[in-house]
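Order as written gives the chain letters A, B, C and D; numbering starts at 1 within each chain.
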Amino acid sequence: MSQELSVFMQQLFNALTISGVYALVALGITVIFGLTGIVKFSIGELLTLGAFLTFAFWEGGTTFFLAVPLAAIAVGGFSLLLERGAFRFTLDQPINGFIVSLGLILVLQNLIIEIWGVGFKAPIRPFTQVWEVGGVSMPVQRWFVVWVAVVIIGLLFMVLRYTKYGRAMRACAEDRDAAALMGIPVALVIAGTFALGGALAATAGGLLASLFAIQPFLGSQYLLKGFAVALVGGLGNVEGAVIAAVLVGLTETMGSGYLATEWRDAYTFGLLIAILLVRPRGLFPARGRLQETLQ
Amino acid sequence: MVAVLTIEGLAKSFAGVRALDGVDVEVHEGEILGLVGPNGSGKTTLFNCVTGFVRPTAGTVLWKGRNITQLAPDQIARLGVVRTFQQKMVFPRATVRENVEMAWRGKRGGDTGQQFKSCDDLLDFLGLAHLKDRLATDIPFGSARNLGLGLALAANPRLLLLDEPAGGLNQDEGQELADLISKIKELGITVWVIEHDMPFIMSLCERIIVLHVGKRIAEGRPAEVANDPNVISVFLGEKFAKDSAT
Amino acid sequence: MIKRLRVWWIVGVLLTALLVGAACTSDDDVDDDGEDATATSAPTNGEAATATPFTGTILTPEDVLRKDGTATKEVEIEWGWMFELSGPPQIQIFATVTGDGVLFAVQEINDAGGFQIGDTIYTIKLLEHDTESDPNKTIGITRQLIVDDEVNVIWGPASFGEAEATVITQAEQVLHLCACQDRGLTSLSSVEKAAGESHWAFQTLPLVSRFFLQGALNVKEDHPEYERVAIICIDSEIGRSICELYEESYSAAGFEIVGVKVFPPGTSDYTPLLTNLKQQNPDILLNFDDPTAQLNILGQALDMNVASSYNTSLPPDIVQAAFGDRLEGKEVTAGGIPRQATVPTSEAAAAYFERYAEFSGGELPLASFVSLLSYDFVYMLVAAMQQAGTVEDTTAIADALETIHYAGAAEDDIYFNEQHFSVIGSDGCIVRFEQPIECSHDAPVRD
Amino acid sequence: MVAVSRSFAGTLLRQYPPADILTIRLPLAILLALPLLAPMLLPSTRLLSLAITAAIFLIVANGLHIVFGYTGQLSLAHTTLWGVGAYTAALLAIHYGWPTAALIPAAGISAAIAAVAIGIPAFRTAGFSFAIITFAFAEILRTVAINWRDLTNGGAGLMLRTPPTSIGPIEFETIRHLDNFYYLTLAFAYLSLAGVFLIRQSRLGRTFIAIRENESLARSLGINVYLHKLIAFGLSGFFAGVAGVFLLYNNQKIEPGPLSPFSAFFTIQFLLMILIGGRFSMLGPTIGAVIAVFAPEVIRPLIGLTPLGDLSTARIQIIFGSTLVLTVLFAPNGVAGQAKERYGALAAALQKFRERQGGAAPPGAAAGG
């Protein structure tokens, strides 16, 4: 391979890993939005919580491969509690749900600081090998993250498409009242979706804990990127979120790799503005009554 | 009779589904025109196209000879074509009087000849004067419906498009509304009304247009339309469909 | 002498500045410092020629605390103390420890019965304030300390609102000691420019540019085969300045700078930049950001095999724990000023850390070595007051403080240079695969 | 001042007709006049400094209120506009030596222009898309402030070399004689309050609220929604820009760091102020700004007395966040909304009592304006 090509492949690989993480966060945001119209900003903090729980389980002797699902389940359950305790009262006023999530950012972030302190935690590295192929360094850990993300996204598609829950969820997203008339337990579906969104974010967090050093303020950065991805893909659109995650990951990586790095955030947000101006509801707008009234 | 609003070959598709399919309508100055049709026949879409909320796929809308097809809703409204909505018809977190003030265009647009001297004048006309300091969310449904109508009137219309104004009203309230609409007509405002309630529209309108799956299937005086075999089959069909569904 | 890369670091306190974006400065300042360093630092070991070598006495803690029994009065004086006890963790950790150094020293002085000037024994009361890392609150606290409490000494803050506070203290001629940022990069210089002088401000943090050149020269000596240097810094005022200092210092030492990258704050994935830099085949990778970022940069650079030698300001034990066998065939220089708490390189420092651990309830707090950036200076200020014979005349005290030399825990001979920068040395350690951490101390490069 | 407070009372009277003049006008007038006595009442310079901060925040919050509270548009670029005002003032003061009296309108106008420039593309979208586009612009502006080093001096920011000491004939100083600076800031805080009040009373304000309440309906009634959103955004930018001058004077510097107007922290902080204060009330942002600045001062020592003892910032933040969540769930209209409801209930009870006494309705009861 020529050097240019191998560098390009390296950057492609770099973009892939980060896209996987963005996709998971964006999916968490998008499923909740698609169903309830609530933009749940506190999902960034659920990501941080997932990362720290993974770390805590791992420190307690659990293997990393078990720690991540455990953290995801725990955060999913926690997210369910939040929905029952707070968000369900805001379903008719999505902006209030958004504000509740802002308040929860403060609560969760500082709860994490109270429990784990303000310091950082070094990354957990179940795989330390690095594959070298044609001048491209590919840490196995990164491949692992990519594949886990791909598998989870695949599973999510299957669940949404082929299971009863998935169909119920899509029906609720399309028209909540009609779904209720058809006998779908709307409240249960919404609660379940909050759990799912939380679990997705926590998984992203757990995976991040294996790539990077984590600290209590980890969430905001990924929240913003995840949110940008969800918007570019079309809020509420699951397929769109995945495609947009790759797009944003590529923009960021190639922008940093080939252009002036300090303007990286300007590239991402410039892309976001450009896309939303041409297509105000994202590249792949979600259908459904809710989306039409909200956007 | 002068046609103030002329609709020619209006068509609109949503994701391949034809909601309107080449509709022609003339609205004459000073009349009360009815628009009826079963659910999903495209009535509200037609209103949306006329008032600029939805861009038609084909066709033109002429207001007093001027092509308004591509204009924005607010531009159309300022020309005197004002509509009401079936739902969310008022500004909820404002008092009744503030609602009217928000919509008030009396002091502008000289030649259109505002029929009401002031907001209070209009509230009296609507019979809402006693509620004027209440928040719009707090007033009874029937009053809110009247207020919705009042907002449109405050915007100084020449043509008023009413989208199912009698929906959800009981018979007495319906009668009051019909009286109010007649009074509006007497002010020199042309009215075009969508309605589901046949007795209501039969008694109110001079002329009726019937839509079915995006096409105009009948037009004429209420009595003529009521006896049109096409119309009967469409409405009976819908009735049967409804019965079997429940 | 231990073979190691001596790339000196202003650890935490400089790091804190990243988030603040530092204070007003112009590029000239940085250039000046760079040239300064080049001009005054001979490529010998540490000691550069000085215009006026110091020949007087170096005071000790005992000198400061000595009482002759003639005192007849006891007076408690009040000093202002404001640090970022809460707020962003990167600031809070270092600010708390810096503030701790002052608290600890004051407690020691009071426990020893205070200090004597003439016929009076003075004890010190610190008026403690949490600035909450909020510049607005820092301004309010500074105003209150000066106007309401009428203090003439203020310690802190470490970073947030430091420039704003300095403007006020200097206008009011209040002694202001802060372990702020590099003099060339901070408010102090901008205050000087604005108000003509900042006579009453003293910076307890030594000049970083001196270390850089010395470090670069040592690397060249230890590893003549290394030629190419890549640099990666955070996009903030401090970050950019550090990058420039690196460039100047390593160019001056005969290295070729093959790539410089600046990244936005909040980055975790550095692989795109590292990929780019790796194309240039660097031997050495220098970086600058907060500890979390350094851990990420180091880990990803090791994965990608960007260079043979890396530097970090992380404590060496953390580096060893975090990277272990990934260090095979590589070396990481880890360092900080003034003394590594994990491997103290002098008896005075070791004794200090023992006492300090006791003071903090048995265990050394995170980044405890940063407390040495304030601890010794409390004694020095007291010495200056004794020399000036006053606790009130701030100009006389400032004049005295300019001449004090002191043997403390951080260094055997600490003093403030003409620009009111503290002059102390630093520790550097080297972490290698399956070898014990080696640390040693370097005396400061003198003016 | 009197006229303003009287009109406030008038508005409240109109909304709650059975109100007694004495029970509403007097307390309101006292409340509004209270800040005038702050230099005498506040026990320390630190608290007076906080009062200055509160006054600056209040101007910013009132600006945000026009676009978020009145027009219902969730702008996440508002505090950035505050920063734009401060940068404009700093550049004009440092390079051209403009006096304060000229800086204030210049900063306001430049921030308003920036707002309109952002608004022209951003208002092509609505809802959360609008919010995130404004956020994206804010991030880009922050990146520019850090990286356009020739203009902005990069991350170090701009510093006033000689602190300002007068505006026209009024002299002020920010160190030893804070009173005058406080009154100057307070005057502009009152002006901003009068501004939001006058806007609310005008046709323009009613149009903004119509847009917030029901955008489609507003359009159907002939309101040019896009134009009015731009006007609201521009006005809010003007307020923020003016506040930028006071921020610059108080801090004597402006930089794009993490606790500067360019930070997401402040963006959220100001939204919270308005929400806690009451997003549907004219006094909401004022109440919110005062609470945001002074509540920690009250809460900390109070909690210090309880078994919880000395609270870490983390715990304070947890309490603050929980309060916000509970506010939204149980009092979505904020403090001002709650107060109005309570007062409305009280006034109604009073009215009933009077009617039973056989008295006629008190004056003002039928005073519709």
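Assume a contact is a pair of C-beta atoms (placed from the backbone, for glycine too) under 8 Å apart; a residue touches a chain by one contact, two chains touch by 3 or more.
Quantities reported herein were computed from a predicted structural model and do not represent experimental measurements.
Annotation of chain C and chain D: jointly contacted by A, touch as defined at the top. Chain D has the C-alpha centroid lying closest to the overall centroid of all protein C-alpha atoms shown.
Separation between the centroids of chain A and chain C, computed from CA atoms only, is 40 Å.
Centroids of chain A and chain B (each the mean of its C-alpha atoms) stand 46 Å apart. Note: centroid distance chain B to chain C, computed from Cα atoms, is 75 Å.
In chain A, the residues that touch at least two other chains are 113, 220, 262, 265. Residue positions of chain D with contacts to 2 or more other chains are 143, 146-147, 312-314. Those residues of chain C in touch with two or more other chains are numbered 88, 235, 264. Interchain contacts (touch definition given at top) occur between A-C, A-D, B-D, C-D. Note for the complex: chain D touches chain B at residues 14-15, 17, 203, 206-207, 209-210, 213-214, 216-225, 280, 368. On the side of chain D, the complex with chain A involves touching residues 74, 121, 124-129, 132-133, 135-137, 139-140, 143-144, 146-147, 264, 268, 271-272, 275, 312-315, 317-318, 320-325, 328-329, 332. Against chain D, in their complex, chain A makes its touches with residues 39, 86, 89-90, 93, 95-96, 98-100, 102-111, 113-114, 220, 224, 227-228, 231, 235, 262-263, 265-266, 269-270, 272-273, 276-277, 280-282, 294-295. Within the complex, the chain B residues that touch chain D are 51, 53, 72-75, 77-78, 82-85, 88-95, 97-98, 101-103, 105, 120, 132-133, 151-152, 154-156.
Residues 19-26, 85-88, 130, 132-137, 139-141, 143-144, 146-148, 160, 163-164, 167-168, 171-172, 185, 187, 190, 193-194, 235-240, 264-265 of chain C are the ones that touch chain D when the two sit in their complex.
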